[in-house]
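In structure tokens below, several structures.
Paired with chain B in one complex and with chain C in the other, chain A is shared by the two complexes that follow.
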Partner chain A sequence: MANKMSDLTTTVQTPKRHWSVVILKNRVIGVLFFEVLIMTIFSIAAKKFLTLSNLNTIFLNACILAILACAEAVVIITRNYDVSVASMLALAAFVGFDLIKKYPNAGPVLILVPIAIGIICGLVNGVIVAYGRVSSVFVTLAGLSIYRGIVTVYARGHQIEPKDIAEWVRDSVTGSMLPGFSNLAIIAIVILVLVSIYLRYTRIGRQIYAIGSNPDAATFYGLKVSRVILGAYVLCGALTGLSGFLFAARSSYVVPWFAQGLEMQVIGAVVVGGVSVLGGSGNVVGAALGAIVLTTMDNGLILIGTHEVIRQLLYGVAIVSACILDASVLKQVSRLLKSSKRLGARR
Partner chain B sequence: MAGHRFREFLGTHSWESVILVFNVFAVVVASLLSPLYLDAFQILYSLQQSMGIASILAIGFMMIILVGEIDLSLPAILAVGTVSFARLSVMGVPFWMAALIVFAFSMLAGLLNGYLIVTFSLPSMAVTLGMMGVYRAIALWIGGYEGFGASAFKPSYILIGDTLIGGVIPASFLLLVFLFILAYLLVHKSVYGRLLYATGNNRRATHLTGHNVKSIIASTYGIGGLMAGVGAMVYIGQYQSARADNVANILLFVVACIALGGFSLAGGKGRVFGLVLSILLLGTIQNGMGLANIPGPVQTLVIGLILIASIVVPIGIGAISGVVSRAKNFAERVSASSK
Partner chain C sequence: MTEPRVQIRNVSKSFGGIDALKDVSFDIKAGEIHALVGENGAGKSTLVKIITGLEPADRGSILLDGMEIRFPSPMEARANGVLAVYQDPKLFPNLDIAENVFMGIHPKTRAGIIDRKLMYRKTREVLDWLGADLDPKALVVSLSTGQMQFVEFARALFDSNEKLLLLDEPTASLSPNETEKLFEIVRRLKDRGVSILFISHRIEELFGFADRITILRDGAHVITQEMSDTAQSQIVQYMVGRSISDLYSENRSANPEGTTAARNKENAVLRVEHLTSKGEFSDVSFEIYPGEIVGMAGLVGAGRTEIAKAIFGAIPISEGSVWISNKQVKIKDPAQMIEEGVVYVPEDREIEGLIADLSVSDNMLLPSVVKLALAGFVNTKEEAKIFSRYTKQFQIKSSGPKMKISGLSGGNRQKVVLSKWMAMSPKVFIFDEPTHGIDAGSKAQVHKVIQELARQALGILMISSDLPEILKMSDRILVVYDGLLVAEFWRDEATQENIMAAALTGKNGK
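What follows is the complex of A and B.
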């Protein structure tokens, strides 16, 4: 009897060596492998690519996209979208830097302004999506235009120029506290580590995954689904606000149409990084790696001198093929699970 | 009898009735805001100008939404269409042939989206986001950075988008009416239309009744792509230019039409009539704002707020009616127990 039981449990387990299971468990390594592959190709094709300064540029360019991808990933893991990130970022950056321009002596407290604006925007998105139970695409698409409209109305044709930005702002982002590391990179890494620990090891973090992989089951289990989704949106908003500050401090110019269309790159990075858009799987480190992959592609293709057409095309193809890979892996794994269950039942 | 029927109609078309009331309200406000508003030609012309292309895209979008999917790449397919028309015109291809080529290719582009989605069972949002990049790249490849100006088009190409029949009615308006009638017949009066609703409401059940759900879904994408091609034909007539970044920001408008028309992203909900009314409403609001000299960004803001309102208001009504009915139940129970 005991022998039979153990036999049954072993058959119910997923086969460990099947290719789909291997890919599913090592998605981040897969993205890393892809990154190394394209880096090898680019370093053969372009001499300038594999220099320290160029790699540094790629890394710094990827930092802000990585934070945004991390923010978006949290929402996508709950099986929702946020397409308003770029508008949210612009609103947070513009209002934040306008206040910095007006009150240059207030000091670092003003960093909280963009974050607060991000939180408010995330709260608005989250409340409607979570408690209204409506499609997040509709809601955040409306958010996209509303936040952008508010920036344009607020700006009244003005813009933020480098002379308006206080010295401490630029120093806090482009300077380096640790020798050899830009503050921007340190901030990005700290955020990534914190968020991934939060998702991996805290109760709410696990609930985010549970809700994404099966919202109905999560509800029956007694999880407060709406509240957790709202929390995911707020976290996304806060991180977006912060990256608005970083982005604006780095680029020194803020205009009302700041970062327009960035949401495409962000969602692209998340998808390429192996976070499933069906929710419930993937992690933020993958999303950040996805951001690095996209930035590397951008940089490398420009260095090789390819036409804009090829770059856009490869962007699109990368997203679509990441989706296809993800879907076929999931299909295969669920088929394996089903067949092994059936085997177990027959015995 | 008539009153009963009317009440029944209101019961089944409550959302459309609300939009109709808003329409009347918007017309009144617009005519108060500007003395120029109440003029049949002005209304017709500006409706066509502001909503024509968005409505053609919305018809295609509606089909896809009905089966519970989404296609973000339709504006990009339209851009491929406009630059292809321009390129073919420069090459000296006669218009009817160019139109056939563009329609065929835009339909194929739509079908490709649909094929990818149903064969690999992919999430349509992310895939069409990627395909949007692909189609924009193709448009850029065909059109180049500069695109094409008015000189690129032969007169026959811009005929449909530019002619005023009898000096009053835009030809593209007639085309739009024709398309809406076609869409109405297809969605509400044909077996295919019933299958769309069935697929949107319960994909599994439709599959089990012996219908090929995959080809139904793929076909809606084909229609969506075809509509983008038709939209391209109207676009080149209306603006007489073609660039790879054409209609980059139209998606908000199309989605606002769809959401306001009573459609749900989950599929299986909404009617063509509702879509027509919501397009009229949004067109009237835009027209009124334009006549009142409200700047563009504010107009976009207003459209976004309308989109949010069209989502939030029904939820609010549902919540309130839920509370009311619960209170009624409670009161009944209390009175029953006191007896």
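What follows is the complex of A and C.
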């Protein structure tokens, strides 16, 4: 029998790697390659591009988008979407800064207000998606209108101006705790590292991937699917609320239509960053890199003198290309799955 | 006498008024391989779901080592040593093997984060124990179904506290090698004292493997007895609740059209000459005559499906020609081949399937709607004509085309199925694994439909990996090996042995 066993061993072994599987495992490297490519093109096309101050600008501009992309990625990995992020952000920023204006002496504790608002919005989205079993696109599309509506009603025609903003708020973003790094960059990097660790080294983090990879199997494993999806939305909401605070502090003006349309850039960054739109694969570092890619494109195209309309168009092309690449990888992968089934011979 | 490991006591479950399980009781001993068989819908999978906590039972109880168990989810079941492995591996394709093994129960370091090193090491150990040479870091998407089954096993076994292992048709998509290996693992577990509930459609494989057998029919318990006291015919009889003579021993009467006089190449309904598709198969030539069922045997992956698909226009041909009713056809695509009268029915297509909510007419015309359509619109006039033609020809008793199919008797439904395929006005039918994974009763129905189609003077090519099926159904048998047609047997000279020899070695075993 021992002899027989060793004969059989040869039949169950890891097959050769296919290119699509390699890409699936190493998406981030592809994004990095693309970033280097466009940076090379821009530094040839525009003299001012490859200067320290310009690169610093790109990096700072990318920070908030990177946090938002990181938040959105968590939801997309569960095979859901949140298209309400921009409205959520505006609501969190406006209410938060209104309270800062009204209670100038309350101090940094008020940073919790936008985060709490984000969490509440995330809870609403998450409960309806996870327990109501409603398509996440429709739920959060409704959220997009509703949250924007609430800001508009709340604002009653008012807006937040630089004079309304306390000194500690501006410091929190533009100041520098560590010499050479602005606080904004530090916050973004810390969040990225924390969320990365959370996704990679905690059970819930791994379940976020598992659910997006195969919701059906997740049920059979006994994972608490609804609860994990709700958690993903809440995390997304909290990070979005924080981004609202940072964004408002940086721009110094908050109006009811603040950040309108930003969700497209956020989802674009996630997709360009190699997170699969069908869930289960990709990571937040990729999403953040996606944010840097989009910001680099924006910056470079402005330096070259490209018209706003063309910039929008090229954005679109980048996002669609990423989706097509993603789709073709997935198609290859599912073809592999099928052919492996056929090879699993019967009788 | 010791108490049985598992006692299933009067378990009942219904879904929307339909009984899935009715008062089922039996028990499983420690260190026993207990086979559970029954037709599709007999309640086997429901029972597994109840035991693992995926579904609650309506009534009844389950005792594990004398204690009543009622798990809220499979996670708790596993914590108590009750584990299940399913037919279609339920895994996460984008994640690696180790993650799949440990999902939800990852080992943690003291700091409370996942200990990935330990996870990979433990996975390596359990894969070694299983004798599977798989890389714990390989993505599951890159594995074959058979390999995925081993990942499922790794998941079920790595913490070795298992008491009851539920195997829901684990061998359905395994190669003979992998099946043998799986049996070996199950035997080792048995020696460790684990109780195994083994569900299978392949009754043959249970002999000499299972200790006892329980048969379910329509959700009810029929019998539990020693495997050694059980005959195969008896099992099938208990499963279907009627004598099996019409299912297994019936042979087709010799086909009248297949006489040598009629076997002139010009009469062939399908003639394939030197057909080659680069990298798939080469120099394939054969004919099929009206009313003939030609079986195509061979190992999975030998190129049978590819030959069929090439004839159907779904994969390109590099050389050779195809003749339909003595007219050469230049193959363009499947749409054109359907026009020429070739119908290809892939493995996962339900041959006997009817949609209960649709009318008789809609069911009958489902596959041919597109063919009949005028400029994209459903051609109701032509559909009405076809309906009345087949209603007459097959004497279907219905209250009219709008009657729901669910109101028809079994025999009449069978005739609708037949009309459904005939309405495509076919000349050649190609069935690819027509009965893979279906139960004995449905299998017999499918066979009847295929035989009836042959009686309508169509040519039938039937690809099957099920040798008894090939022997029972075919007038003639072709064997494919590594992209070549290596043997041809008449029905009276074919045996399981010579077909298998040709399929395995590529040598004509006559």
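Quick note on the criterion: the second predicted complex is superposed on the first by the 319 of 347 C-alpha atoms of A that agree within 3 Å, B and C clash if a C-alpha of one lies under 4 Å from a C-alpha of the other, contacts with A are read in each partner's own complex, and residues count from 1 in each chain.
The working rule: a residue touches a chain if its C-beta (ideal position, glycine included) is under 8 Å from a C-beta of that chain, and two chains touch if they have at least 3 such contacts.
What you see is a predicted model, and the numbers here were worked out from it, not measured in a lab.
Asker: Under the stated touch criterion, which partner chain does A:221 make contact with: chain B (first), chain C (second), both, or neither?
Answerer: second
Asker: Look at A:209 in the shared chain and tell me whether it touches chain B only, chain C only, both, or neither; answer first, second, both or neither.
Answerer: In the superposed model, A:209 contacts chain C only, not chain B.
Asker: Between chain B (first) and chain C (second), which, if any, makes contact with A:280: first, second, both or neither?
Answerer: So A:280 only meets chain C here.
Asker: Applying the touch criterion given at the start, work out whether A:144 contacts chain B, chain C, both or neither, answering first, second, both or neither.
Answerer: First partner only.
Asker: In the overlaid three-chain picture, which partner chain does A:120 touch, first (chain B) or second (chain C), both, or neither?
Answerer: Neither partner.
Asker: Just checking: does A:99 make contact with chain B only, chain C only, both, or neither of them? Give me first, second, both or neither.
Answerer: Neither partner.
Asker: In the overlay, answer first, second, both or neither for which of chain B and chain C A:186 touches.
Answerer: After superposition on chain A, A:186 lies in contact with neither partner.
Asker: Which holds for A:271: it touches chain B only (first), chain C only (second), both, or neither?
Answerer: first
Asker: Kindly classify A:134 by the partners it touches after superposition: chain B alone (first), chain C alone (second), both, or neither?
Answerer: Touch partner of A:134: chain B, not chain C.
Asker: Where on chain A do the contacts with chain B and the contacts with chain C coincide?
Answerer: On chain A, no residue contacts both chain B in one structure and chain C in the other.
Asker: Spell out the residues on chain B that touch chain A in their complex, using ranges where they run on.
Answerer: 70, 116, 120-123, 125-127, 129-138, 140-141, 145, 251-252, 255-256, 259, 264-266, 297-298, 300-305, 307-308, 311-312, 315
Asker: Quick check on the complex: what are the chain A residues that touch chain C?
Answerer: 1, 4-5, 8-15, 17-18, 21, 24-25, 197, 200-203, 206-207, 209-210, 212-214, 216-224, 276, 280-281, 333, 336-337, 340-347
Asker: Write out the stretch or stretches of chain C touching chain A in their complex.
Answerer: Per the touch definition, chain C meets chain A at residues 53-54, 73-78, 84, 86, 90-95, 99, 103-106, 108, 113-114, 116, 131-135, 138-139, 141-147, 150, 172-178, 180-181, 184, 299-301, 305, 436, 465-467.
Asker: Tell me, which parts of chain A touch chain B in their complex?
Answerer: Residue list for chain A touching chain B: 81, 128, 131-135, 137-139, 141-146, 148-150, 152-153, 256, 264, 267-268, 271, 277-278, 308-313, 315-320, 323-324, 327-328, 331.
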